[in-house]
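First comes the structure, then the notes that go with it.
Chains here go by letter, A, B, C, D and E, matching the order in which they are written, and residues are numbered from 1 within each.
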Amino acid sequence: MSIRWTRIAPQIALTPALAVTLVAFIGSIFWTIYLSFTRSRRVPDYAIDWSEWGRQYARLAQDAGWSTALWNLITLGVGSGLAIVFGFVLAAMIDREKRGESFFRTVFLYPLAVSLIVTGVAWRWILNPTMGLEATLHRIGFENVDFNWLAQGDTAMYAIILASIWQSSGFYMALMIAGLKSINSEIWSAARLDGVSLWRLYIEIIIPMMKFTFLTCAILLSLGVIKAYDIVLAMTNGGPGQSTWVPAYFVINALSQKQNLGYASAAAVMMLLITLAVFLPLVLLTAWQNRRRAAQ
Amino acid sequence: MPSVHFEHIVKAYGAVTVLDDLNLSVDDGDFLVLLGPSGCGKTTLLNMLAGLTDVTDGRIMIGERDVTDLDPKDRGLAMVFQSYALYPTKTVRGNLKFGLSAAKLPREEVRRRVEWAAQVLQIEPLMDRRPSQLSGGQRQRVAIGRALVKHADVLLFDEPLSNLDAKLRTEMRLEIKRLHDELNPTVVYVTHDQIEAMTMATKIAVMNGGVIQQFGTPDEIYETPANLFVASFIGAPAMNLKAARVTKRDGRVAGVFDGGQTIALDDYRFRATPEEGRPIVVGMRPEHFAPPGAPLDAAAATLDLPLQHTERTGSDATGYLKFDDGLLALRVEPGHAARLRAGETVRVGFPRGKANLFDAASGERL
Amino acid sequence: MTDLTVTEAAAGATALKRRRPAARTRRRHRGLNGRSLAVLVFLTMCALFFCVPLYVVLTTSLKTMEEIRQGQIFALPDTWTLEAWRFAWNEACSGITCEGLKVGFWNSVRILVPSLILSISLAMVTGYALALWEVKWAGTFLFLLFLCAFVPLQIIMFPLIAITRSMGVYGTILGVAVVHAVMSMPVLTLIFRNYYKDIPAEIMNAAIMDSGSFWRIFGEIILPMSGNILIVVLILQITNVWNDYLIGVTFGGYNTQPMTVNLANMVTVSTGTASYNVDMAAALLTAIPPLVVYFLVGKFFVAGITAGAIKG
Amino acid sequence: EDVIVFHNWSSGPEVAALNILKEDFESKGHAWTDIAIPHDTGSNVSLLNLVTGGNPPNVFLESSPGFYRDLADMGLARPLTDWYEANGYPEHLPASVLSSITVDGEIMKVPTAIHIDGMVYYNMDVAEEVGVDPTSWTSLEDMFASFDAVREAGKVPLAIGAQQWQIGYLTHALAAAVAGPDFFNAIYGGEVDPAVIDSAEMRELLDWLRRFQEAADEGAVNRDWNVTTNMVITGDALMQIHGDWMKGEWLAAGKVAGEDFGCIQIPGAEAVSVTVDSWGLLGDQSETMDQAELDFAATVLDPAVQARFAAAKGSTPVRLDATGDIDACSQEVLAILEDAEHQVANPHSQVDADWQSSLWDVLFNYWSDPSMTADEAIEQMTSNYDLILG
Amino acid sequence: MPSVHFEHIVKAYGAVTVLDDLNLSVDDGDFLVLLGPSGCGKTTLLNMLAGLTDVTDGRIMIGERDVTDLDPKDRGLAMVFQSYALYPTKTVRGNLKFGLSAAKLPREEVRRRVEWAAQVLQIEPLMDRRPSQLSGGQRQRVAIGRALVKHADVLLFDEPLSNLDAKLRTEMRLEIKRLHDELNPTVVYVTHDQIEAMTMATKIAVMNGGVIQQFGTPDEIYETPANLFVASFIGAPAMNLKAARVTKRDGRVAGVFDGGQTIALDDYRFRATPEEGRPIVVGMRPEHFAPPGAPLDAAAATLDLPLQHTERTGSDATGYLKFDDGLLALRVEPGHAARLRAGETVRVGFPRGKANLFDAASGERL
């Protein structure tokens, strides 16, 4: 019996990716989990003190910075979620009003191309009370506007969300345009003939039909939110106080400022658990959606 | 039930003119089928009537109303789409209701209409399902139901059956025909399937390249095609179209095929008697031939031709005879077909008064 | 009874010669109606909002420092000058070297090319094998990939250092490329797989019967069909690699720091009196390559996504 | 073979100073490869990554004693005690410098510059204009008392950059000034004494910090230190309290100490916190590289280079016998440093990084949230102590 | 030209068994059509033969070789796919050549074969075009060409014509038939179109639900369907299937329909003579009825039924008569159809020896 290369070749081709996954990701994750039980400081220290193996986690539980980071993660997630909504609105408008489609698309997409290190500075200026938007508004007569978001702990997160919406809406818009384009054009015709109002059409038909696109956006969004670090660094560097810390920032801070690898590992493991908690339902949803789509 | 009139319709997409000065009238209660090959402008015409596409120039009347500039929803018509265009996120009931949402009808009236449509179409058990849980034929029914609930006087169909398999197609054909007989709306129905056209229409408009080639009853179209396009487009197997020249035999008009055989044409009703020598095309339907070998008194033409092969479809069989460079198709009895051998020369007769003649240059019926 | 209004002339050729209706009275133009106008106004406002940061960065880079100190960030420059650009490109200091961003620019290019090649080819082949060939454990593997897509670099940075070190590529451009390939593999692979999944099974079946060679089919059939998706991935990955800071700084060599590190060195603690115009010019210089990519091929981006590049 | 020099300096004066080292070093026939990762962007981690990645730089700017201990664990330490003694360096170095370059009894670092972490630099023109004389202040109360006058003149009295590390520095400078060396060492020294966390001194310190915060201008949030310095240079603000490396900015702007700007220690200070910027050398190297590294160290410790370096960077030389001009501010510093009791060492060179970082977190929270009380801050510090060092 | 044998084939997808112990043999040079409704397992069977799908259990032989575990390219067969599956980025020439890439043939030989195939299929002028620049029929030709160049002994087709329009389908049907006559490979051809099956096959295997219902020549299948499924699946309009009971009339076997009418069954060749009273189904093909009103001596059954409606397709017409609860379809002459009025009762006769009888319970032929 001869060798069935059509069965073996793809497996060979997959080995590098598999190796990368197992070593670089899975292996590393286990390494991180292991370290989170040690007292490693600057460099790995592989001894585990079993009498208090959970000390890093216990510390996390009491760390105000960590709970702030968790809260901010939720705020950021919900807030950046507006980017999906905004992206959809933009997409719907561009899709209906074909005029200027490519112009608007380009304008809304460009923030994606530019590093946050660059735009973070611009945003900080715009939100700076003495030279930015607030000052300009004051100068032209709106004395009462308060736009000093970055300076206050309870509003700094909004500034980050604003910048994040600015940065990512274009991407969701692109996904949404693609989703809208894939809707059978006869549905639009049918609705026009029926005289259905645009509002009802979107709410009752189009948006439910685009569930899948929304789900994809949600996955990509949560991916971005969980990894969010650059944007915090560029906009506030975590401040004022610890008010804009997010878990990824926390991990880096533990690594570079606290120089505590064990603690950073514990925080990273928690991040991973959060990821799983967010991700598993999404995966199940996706699988369910796929089945439904297949059924259709 | 209003009539529909297209008057001097022009439609251009940018620089490309798809329809140019098209005129067409549909009487009230008529079942008009727009028949034509892909891309000939059928959907465009239908969409203009529905108001989904703008008219570049000309006027569309429904009854006495000029609807050219009306919103689709104000034209008082309903449409069934090729892909059904059901709202996938709504149940069958929701689909039927949603179409009425703009009409601001009392609740009770909506319920009544939906139930009526469900009953007419026998989809009552499906009312709470989603389109994705329906079979093709059921979806088609719901799509029709969505049009029916609107009590529109004019119903439009855009290739509504082309996504169904053969068996369902036959069933739905009967269903639509029955609905038309019962409710008697004015119908404009687009298809490129000639069986659909022949079986359902009271009037057919055959289109090609944006131009209406012939407008008439199914029988007129089948029996007296107005030009070569219509002749070749309608009928399966297609009409045999053979080049010939006009000649006189004993003072009577006849045709000489390129291969030398003649056909008597003296009982053809010419619009104008053609001069001798004029190149023409003779059209002979496969089913008009006498059975091979069977004697035919007073045949217009009697041909002795070698058999290429026969094809049997179950209830029918077609024999293909070598004729000049091409083939001549004729219908034979299945039992008879089994007895014919390829290569054997058979004698077939074509009866008088059945030929169709066309001018070879213009393609117009003579 | 019906009256036959017009029986059209038969051939399409003659149709064109026919008399046109005398009065083309009501040639309708779809003008701007109220709704369209509202939509366009809204979109334009959004576009303006989107342009504000770019506008600020751009105008600042063209101003002199005196003007900037007046603090009117939304004003146009009084005197337009490209001096800041020249300075940022040629003279600005990063660390002790004051040769401007151009050094970092070329380093970034040197990093970009191998990173793109390595990351895209790895993801492409993996996606191809997963989508179009029968592999029993493909489902499990996909699940793992999906999971890995969520893992931030920081979590696995230490082990990656050890790995690249044992491979002997730590601190080299190749090392950077390897890490880029590793980090982007899950997402890119999923993108490629989703795209290839839509290639009709029949084409694959035909190819398997014709050739049976994994690589031949890839090279001759699948690769040429990947145009759309390649553009999407190229755009994503060019932006990603070009804008990367952490990988470049962590895994790069001594003389191979990318432009973003230069930029951060300049912007984070700016030289002398803070020269915002130079900072902004530097920022723009850094942003130009991905921006150019977006402006040039951005329309393919949406086209590619529509063609199935990114799905759940 | 190139000598790889890792540092986190990138401001103008810092680079100017580095160039002085580089010139002299290259004149000894060595090649200098520069690798700079600025402060906020994770230079600590980068250095560590380079080391664990097997690609360590030969010379690195790093004060933290823990780092040298880790190097020793990896067999990459380069003890310098013998070399120092053979070349007679110790006798030229002040005691505080010597102690700060010593890790566990062994000299490990090469000191390059001295800074005071909290000096008051003020714009003399502005002071004159608003009629304030900082040299007359004898206490912080005096200082705050004169702020109203400054405000009335439309100037910002106190320029502050409210970033975590700037607030951290301000606080430990204030701790030395207000609460004295004992308190300072109990909090920021090698051995932290939990008893002082909840003490009257701590409360006083926190109260002062609150007053500073209330005095800060609106734009302070997240402002880089050198931008802040430039507010003073341009005359928008009267003064800044910050590490005296800010002198470099003044010099780079062409200003002259004692004429354009004045420098005093924090009014009424009990002690000042001293930063000694120092280099480490990589061990386990080839003989030629080892020699190159030592040449680098010799360059740094060269008296003439020391003076030029200090002038460029705005620091004070580490050698008592540094030759050359010493400006008014450095003279002030040298005068302050004469009293061995009046100085404490920068926390970075002594204390546990985790603990210090946690202090910064709390302090920056306290600073950023005006409603946070001293009690709450102390509570957080206590719990942090228990978690980290307890 | 080898024969093909499926031996005890089992195919399961996970827990679902699609094919269970299937046996089928194709002789060399045969043109086997696998015919069946959607989802019955035709493609699965074909793919297993091609090696594209694994066999769960059983053995596939091509000639004397067991190919069950061979790679597709080593089985010496070629396949034409429903969607053509042309490589979109390659020219026609490239498409044809790629099929030979695994064979490592000399250049000259490749060129020769490609040219031969191009010539056989008359696609020489298209060689440098891309698939997207070809019409449907041309694409189909290239797809066949790709199979031909491989000089494979066994050719597989998976619904190759279902994407073509009616006219092209007829043409391509002839084309494939001609190729089979000329080159005489063993062909396995999948379709759900019975016209294709009837016209092309030398053998038909009718499948349903993964089971082969009947295997035989087209005539056997059409004339003597083995069970109700085959009877209803083959023929258009479909065979009239009416419930009845076996009875004896003058000692001769007859059937009584539920409506009371009788049909003589004494000249039916029963496999086993049925007991009286047994419920059966009588199958009558629409084309076997005598024309309405025409006398038929010795009819098996003579029925007087009211006309529901007639449907005219051009060359043919079908009359639908009310029979019990359902309809009885019969073929009528188009001219005749025009004279029939709905509601009018017509007398039709069904000839002797033409009925098909099935057991009502098992559906098997009696």
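Just so it is clear, a contact is a pair of C-beta atoms (placed from the backbone, for glycine too) under 8 Å apart; a residue touches a chain by one contact, two chains touch by 3 or more.
Worth saying up front: this structure is predicted, and the values here are computed from it rather than measured.
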{"item": "Identifier of the chain whose CA centre is least distant from the whole-structure CA centre", "value": "C"}
{"item": "Selected interface, C-E versus A-D, where C-beta contact pairs are more numerous", "value": "A-D"}
{"item": "Length of the line joining the C-alpha centres of subunit B and subunit D, rounded to whole Å", "value": "92"}
{"item": "Euclidean distance of C-alpha centroids - subunit A vs subunit E, Å", "value": "56"}
{"item": "Rounded Å distance, subunit C centre to subunit D centre (Cα mean)", "value": "42"}
{"item": "Where subunit E touches two or more other chains, by residue", "value": "51, 71-72, 74"}
{"item": "Sequence positions of subunit A contacting 2 or more other chains", "value": "5-6, 130-131, 252, 255"}
{"item": "Subunit D, residues touching no fewer than two other chains", "value": "40, 42, 45, 52"}
{"item": "For the subunit A and subunit D complex, residues of the former touching the latter", "value": "41-43, 58-59, 62-65, 124, 128-131, 148, 150-151, 153, 236-243, 252-253, 255-260, 263"}
{"item": "Residues of subunit C touching subunit E in the complex", "value": "200, 202-203, 205-213, 216, 220-221, 224-225"}
{"item": "Complex interface listing, subunit A residues touching subunit C", "value": "5-7, 9-14, 16-18, 20-21, 23-29, 31-32, 44, 90, 93-94, 96-97, 99-100, 102-119, 121-123, 125-126, 130-132, 135-136, 166, 170, 174-175, 177-178, 181-182, 212, 215-216, 219-220, 222-223, 226-227, 229-230, 248, 251-252, 255, 261, 264, 268, 271-272, 275-276, 279, 283, 286, 289-290"}
{"item": "Subunit D residues within the subunit A interface of the complex", "value": "40, 42, 44-45, 48, 52, 64, 66-67, 70, 73-74, 162-164, 218-222, 353-354, 357-358, 360-361, 364-369, 380, 383, 387-388"}
{"item": "Touch list for subunit B against partner subunit A, complex", "value": "47, 50-52, 71-74, 77-79, 81-83, 85, 87-90, 98-103, 132, 146, 150"}
